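Chains: A, B, C and D, in written order; residue numbering restarts at 1 for each.
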Amino acid sequence: MAIVETSITPIGTAGTSVSKYVAKCHEVLKDFPEIKYQLTPMGTILEGDLKEILTLIEKMHEVPFDQGANRVSTLIKIDDRRDKNSTMEGKMESVLSKL
Amino acid sequence: MAIVETSITPIGTAGTSVSKYVAKCHEVLKDFPEIKYQLTPMGTILEGDLKEILTLIEKMHEVPFDQGANRVSTLIKIDDRRDKNSTMEGKMESVLSKL
Amino acid sequence: MAIVETSITPIGTAGTSVSKYVAKCHEVLKDFPEIKYQLTPMGTILEGDLKEILTLIEKMHEVPFDQGANRVSTLIKIDDRRDKNSTMEGKMESVLSKL
Amino acid sequence: MAIVETSITPIGTAGTSVSKYVAKCHEVLKDFPEIKYQLTPMGTILEGDLKEILTLIEKMHEVPFDQGANRVSTLIKIDDRRDKNSTMEGKMESVLSKL
């Protein structure tokens, strides 16, 4: 189980707003019901099987092209810990308990 | 006003857990009361004056060294929009309203 | 054809040096002869079919685990442009010609 | 001495090409002669005093706004190692010697 953050940004779209692209990317999540996710102001955080998450992100990355974009910049940050079961919730609690 | 995500990771610490470093980094936030922040499972999102946020991140980046780390990897992603006042809350709402 | 940068960092290894992990990751490149690559001081830049590049990075991401690491942080940045054939060399030339 | 990679991307510019922005950002480097740099197909790698590098990146981040962009996405990755003097050249050699 990995935790992965991604942000998908179309480049060279006439307007500065990208929320319609982000919203459309999120529809892909419906096809991956086993992947937990959290939307943040800077991206989407995903939790689940790494291979499946990467397949999901590949599909999300296609969405702005389908909407007319000609260039897409996608950032992916994988946090993969295998000495214990790491979850989004567990990571938050681990920090918050030490504050 | 910019929105900035950062994650600060010590490299070469004997253990795999980094939460004690993240928690200590968060103490720096107290010295920057005008900066809004949100902890996520993958980092910290900051909202406010860009110059001040970068000063804050510079201080956070020093914390793991103070705790004994010899190498620190820090990732910073700036989203700076100047055609309207962009906020963490506004960005979330903009996407959620389109879902 | 996409251009993708990646860096793969083991977390919680006793030493601060990560070059033995990076070198081992690079051996995976031999299995992907169609992917062009460039090593930089901060990561590896790959050029080729996006799907194949992501498969390659997935394999590279496993390498530090095989070498004993228990946690791996992998950063991937995809630049995917489809209105023209984008290459590492072409991107460099495009900037350098304007300097 | 830190090694820092940055990429500065205008969002919402009508065209997909960003090389004119990158080239203009590079002019700022002339004002920081002590900072070593290397252009790559995915960004710019800087070597020198961390505080000075962050000041430099702040100035580079302003450049696309001066050129008319209304939104700029800037990614910064800091590699700061203090148990030995780390350089771009040394990092490359360290990996290449193990291949």
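As a convention for this text, contacts are C-beta pairs under 8 Å (C-beta built on N, C-alpha and C of every residue); 3 or more make two chains touch, one makes a residue touch a chain.
A quick note: this is a predicted structure, and the numbers were derived from the prediction, not measured.
Contact tally for B-C versus B-D: the pair with more C-beta pairs in contact is B-D. The chain with its CA mean position farthest from that of subunit C is B. Subunit A and subunit B have Cα centroids lying 18 Å from one another. Here the spacing of subunit B and subunit C, counted between their Cα centres, is 25 Å.
Inter-chain centre distance (subunit B to subunit D, centres taken as mean C-alpha positions): 19 Å. Residue positions 11, 16-17, 70-71, 73, 75, 77, 79, 81, 83 of subunit D each touch two or more of the other chains. Of all the residues in subunit B, the ones that touch subunit D in their complex are 11, 50-51, 54, 58, 61, 65, 70-83.
Residues of subunit A that touch subunit D in their complex: 9, 11-18, 70-71, 73, 75. Contact residues of subunit B toward subunit A in the complex are 3, 5, 7, 16-17, 19-20, 22-23, 26, 38-43, 45, 47, 75, 77, 79, 81, 83, 88-89, 91-92, 94-96, 98-99.
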